[in-house]
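Chain IDs A, B, C, D and E follow the sequence of writing; residue 1 opens each chain.
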């Protein structure tokens, strides 16, 4: 039916106006200098040691938080799958609800909680443990990333895991597999699409955040996101900012390739 | 009521005047106020430069005003519409000439200086009177610095005895090294929240505007403020009107309103930043007026320097070293 | 895993997620303006919140943008989900690839890209630009939610309606749409949530005086957030909680599951 | 009987795959026609072309002598009962049935009466307000029928309407369908790959393979006189054995001569011989022509089914009978002449398919 | 035969629903046992309790006289073939079959050999590297069998393994399963709701309804001598008629007296009489006891099935025979004594179910 395809027309227009042209705009700014002359300088600026360092740190922190999110989310998803049906809806609800408290505020709340004389240290001291100096360090940023993006790991993984037929799991037990063998040999390979999309949903925002590092890093830590943001707001060098953004898009291309490989339909993955 | 849809778009530092004033202004004039705020002038600049959003009135700091004037982004104020300009002290109009040579573009809103706010109990016997005290390793992890290019570099430049407005790359490099050296000791680079951090005793000392002092004292009476002996930055934040303003008369009405003595007084009481409105000063308590941490002595003022715009190359240079220092 | 162990695990994760929220709720009742000290119970921030026009305006902006943008996105996305189903698989992959871009793209890059586009075309930033930006990043969520429901059975139902004499439009509206409803609803809610929660893209595309709750909060982050914003968030949070509970309760009675 | 539908030289390709090749078929008024064939042979495609959901690449369709080749689905005076019912899940039973009537702008009174009538017809009175997901498979099936029937189509197309039901229910519904067909007096074009179903229900069976018509006739004709090995094999478990036609009415199988009733194959021609399992007579050793040994035996409800291995040439005969023989028992087999069906051996695979043009 | 499995007094509730009530069963070595019953009667639940996927609320399970009631699934020496195969979709055929062997730490050589052997057994040699989604239903079925078999379980549990296949394939797989069972010599516990399947394949059939055993016996016993109306009706289309036992070996049906072979019901007692459709003999009018008129007739492949309405009391007899009678034709019906099956009328619904404890 050809008329069916026509229904996508508004969307196609929107893709052009809202995705393709803006990417073109970024490419234009990124590949020109202040005087509109073509240059690769802004893109190559990623090689500048300051930028490289920020990028390296960003990648590192994003990796760490992605791994932590995965380690938290995976067992949770399995537990959620196996809990009985009534509770299942409740649990998704439980993990989505926090998204309704503004994320800037939630992140900021960690400032309050982690402050040297803050709530958590207060509680630790009350039970006789030494206070922790987390705030304004890399750990605080990782914590913020894990906190903000954890639901984006939980949901896609849960989504895929919940669709694994119970009888497949039972078949594995039936053939003598122990629980850990079931997890490594059945659950894990079968939930790869969910993991890939969860990893994407956590890694990319972590990699490019500037808000979390601003709020929990005490202004001491510059991630690549902060640098791009500062080029736009503080330094007013939009060309450089765009050039660096173009570099960031490379990561997105990579993750799209991953998605393409593991999640052909695009159906199973998100929410 | 917003009679006839009259509006004025204001873009200022966050929490920089008493919000009640908006209601009063609207009541009196029938002009609706639309307020937007920024953290640093650097954040405001591209918005105005690209005219990506159209504001009428801004309240930037000295050096930024200079830059805006240079780049022809401001329009001259019609002082016929701002009769209350008379309330602003001559001394302050004189100061303004540093960045607005003919007093044509700006009307001062606040002025002040940066200093060190510290917790008398936590610093103990140590005398705090120099910027170098912020490099004291005894207070490692208890020092709060500003998180704003020019204000942060200022501290290092003052210690090194350079001008705040230096564009000498070697001098800047030196300052950067100094700041990097201090970085491990710093608890946090913050702006106005320095006040809260000190009030909660999460840190022992921090760089802050003298205008915050009174308010900080309310939260924690162990706090003390000093303007270091090396001298400091003198800032003047003034109202200006954008070139592209579509509501220029409303903007002038707003400025005029803010210059009225009762309004300026009310605002001072809310904000506690020194006000250049002499008519308002006259209405204040003696204690406050004589508190030299609030209303600086001439001696202090003379020891301070006003920030100047550095031009595109200068800005780029600062930006470059700022990133380098942050990347450490 | 033992049952109790499971509960402890879920409990710890939940605590981690809710701790900051609890802190915010508590602080919204704090007498003092400073977040550092709890100096006594007070409702004054709730009063201030209601009387502060900037906050109210931000609330209005947030929700008008979220509602209009997510409705627009839902319409475009739903049509697209059906339309994509009618494409050949190569074309489908291409279109879905583009659909993924705003999803995968860093918010900051999306925001900047849109900002640059608006400026290049001389569009002054205002409410409308935020709206357009939000529609852009909402559409992919709608498509992702609706597409799995567009399958063979919807196609058969559509044909069954034609078979019974319905026109194409009638069949689409009366048969296909209701069939897609759960997906559409989920997509709408997801888009709505994302829109309300968005900061970065709004930050780059908003015009003079167009604050949403997020940008208002961000503008106060460095200055020190006034607790009236905590009060606001607490109220929104509690309202959403109640609405979701009600929806779930009602739909359970109607035997239709809305997870979220 | 009047001609109602005529498919003429229909050809249909999906990409490189030719699903229908020059397919022609005439359906008369009030017939119960069944299209029978293995999965993938193109049955659904024929129905979809008839229903207007697929366009033929070549060929024409006539309905009461009018060319309807290009008429869209919603304008054709025939209704389809889909394989998985395709009931509208968000409407209740009544709204489902009334759907077509509403679209045609019938009055509420008319709709109410018609729905009542249809529910009565399918024995589901009182189900008006049930929601679809509260119905069993068989009930859904009947509602799908009712929904199609109320529009008073001249022809009802049914695509494996019973495929998803279990055995017991399937049998019940078969009776139901035959009854409905009789009461309504309309034409049914029925698709199935279940040979038993086809034989039970139809006036005329059309056996299709690879988009060609293999044979067409009454159930008895198809069952008793399959025209080629494909039909014989597909229609039921058969013993298909190579044989030699000695002369008219005499065929040699397994080295034994059997009288039969077929003529005209020529003398000493190689042929295929079809003998149904239930037509093989098992006798005590010596009392029949072919000697064999019982290999397996299962009880399948009504009778026993056995494999009996011929001692002469190892051929394993499939045999059904009421008596119980033990495994290993030595028996003899016989067949009466009228139960021997002779077929030409196909000389090429192309010839195997007989393209009928009626 | 040695006792292999013993279920003793198993009770299982789901919430308020009692699915199994004091259920006991003994399975001997090398039996092919079929659990047969309508949907929802608890068949799967029994298998799941045996497999260790569900725990019984009460009762004990013994395996070779050891109590395995609390042994987890992965420690039991029995394997399940799941209704929808439950093959691991991310592994190829070989990896699926090798799964259990790998887990048990067998050597690669042993695994290779075993997989080869199993594939050979299920006639799928050369399929090692196929991915699961490239297999047809029947092939998947066989792989599921192979996967279970390689572990050399003492018992194989099969939960409607053929339910998803179509008729033709189902029949083929039935033969395949019987063959496998014979070659392997292990115990099969087989679940189905298809009576034909149960009769065809099993050594012993256990008819279950509502969690109770209704009857247990060889297929012939179950079919020919159903112990109650439920079994009679469930096992095949039957004529179940109220009658009166005049005295031993004489029953009155439709007002006519018939000699029969049952005794011990007492004199003039009301009973249920079961007569299979194929056991009703159709004669010319006058040649039999009951007069009737042919109502409907369908050809169902092997024979004709007719409804014949008794003229005395309107009862509609279901009759199968090879001869063709026309609709409306007046005939007479007869039955030979050994084909008349007498059953007690249930006095309460509770008594209808016979709880066997073997």
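Just so we're on the same page, a residue touches a chain if its C-beta (ideal position, glycine included) is under 8 Å from a C-beta of that chain, and two chains touch if they have at least 3 such contacts.
Quick caveat: nothing in here was measured; it's all calculated off a predicted structure.
Participant: Of all chains present, which has the mean Cα position farthest from that of chain D?
Facilitator: Comparing chain centres, B lies farthest from chain D.
Participant: Report, in whole Å, the distance between the mean C-alpha point of chain A and the mean C-alpha point of chain D.
Facilitator: The separation of the two C-alpha centroids amounts to 57 Å.
Participant: Quick one: chain D and chain E, Cα centre-to-centre, how many Å?
Facilitator: One centre to the other, that is 28 Å.
Participant: What whole-number Å value describes the gap between the mean CA coordinates of chain B and chain D?
Facilitator: 90
Participant: Among all residues of chain A, which ones touch two or more of the remaining chains?
Facilitator: 115, 117, 232, 238
Participant: By the touch rule stated above, which residues of chain D touch at least two different other chains?
Facilitator: none
Participant: Tell me, which residues of chain C touch at least two other chains?
Facilitator: 35-36, 221
Participant: Run through the chains and report each pair that touches.
Facilitator: Here the touching chain pairs work out to A-B, A-C, A-E, B-C, C-D, D-E.
Participant: So in the complex, which bits of chain D are touching chain C?
Facilitator: So the residues of chain D in touch with chain C come to 51-53, 72-75, 79-80, 82, 84, 86-90, 99-100, 103-104, 147-148, 151.
Participant: Contact residues on chain D for chain E in the complex?
Facilitator: Against chain E, the touching part of chain D is residues 39, 166-167, 171, 175, 178, 193-196, 199-201, 219-220, 223, 235-237, 276, 278, 296, 298-302, 320.
Participant: Within the complex, which stretch of chain C touches chain B?
Facilitator: Residue positions touching the partner: 32, 34-37, 52-54, 115, 118-119, 124-126, 206-211, 219-224, 226.
Participant: Enumerate the contact residues on chain C facing chain A in the complex.
Facilitator: 1, 6, 9-10, 13-14, 16-21, 23-24, 27, 35-36, 75-77, 79-80, 82-87, 93, 95-110, 112-114, 116-117, 120, 132, 135-136, 139, 141, 143-145, 147-148, 168, 186, 190, 193, 196-197, 199-200, 204, 213-214, 217-218, 221, 225, 229-230, 233, 236-237, 240-241, 244, 248, 257, 259-260
Participant: If you look only at chain C, which of its residues touch chain D in the complex?
Facilitator: The contact residues of chain C facing chain D are 153, 156-157, 159-167, 170, 175, 178-179, 181.
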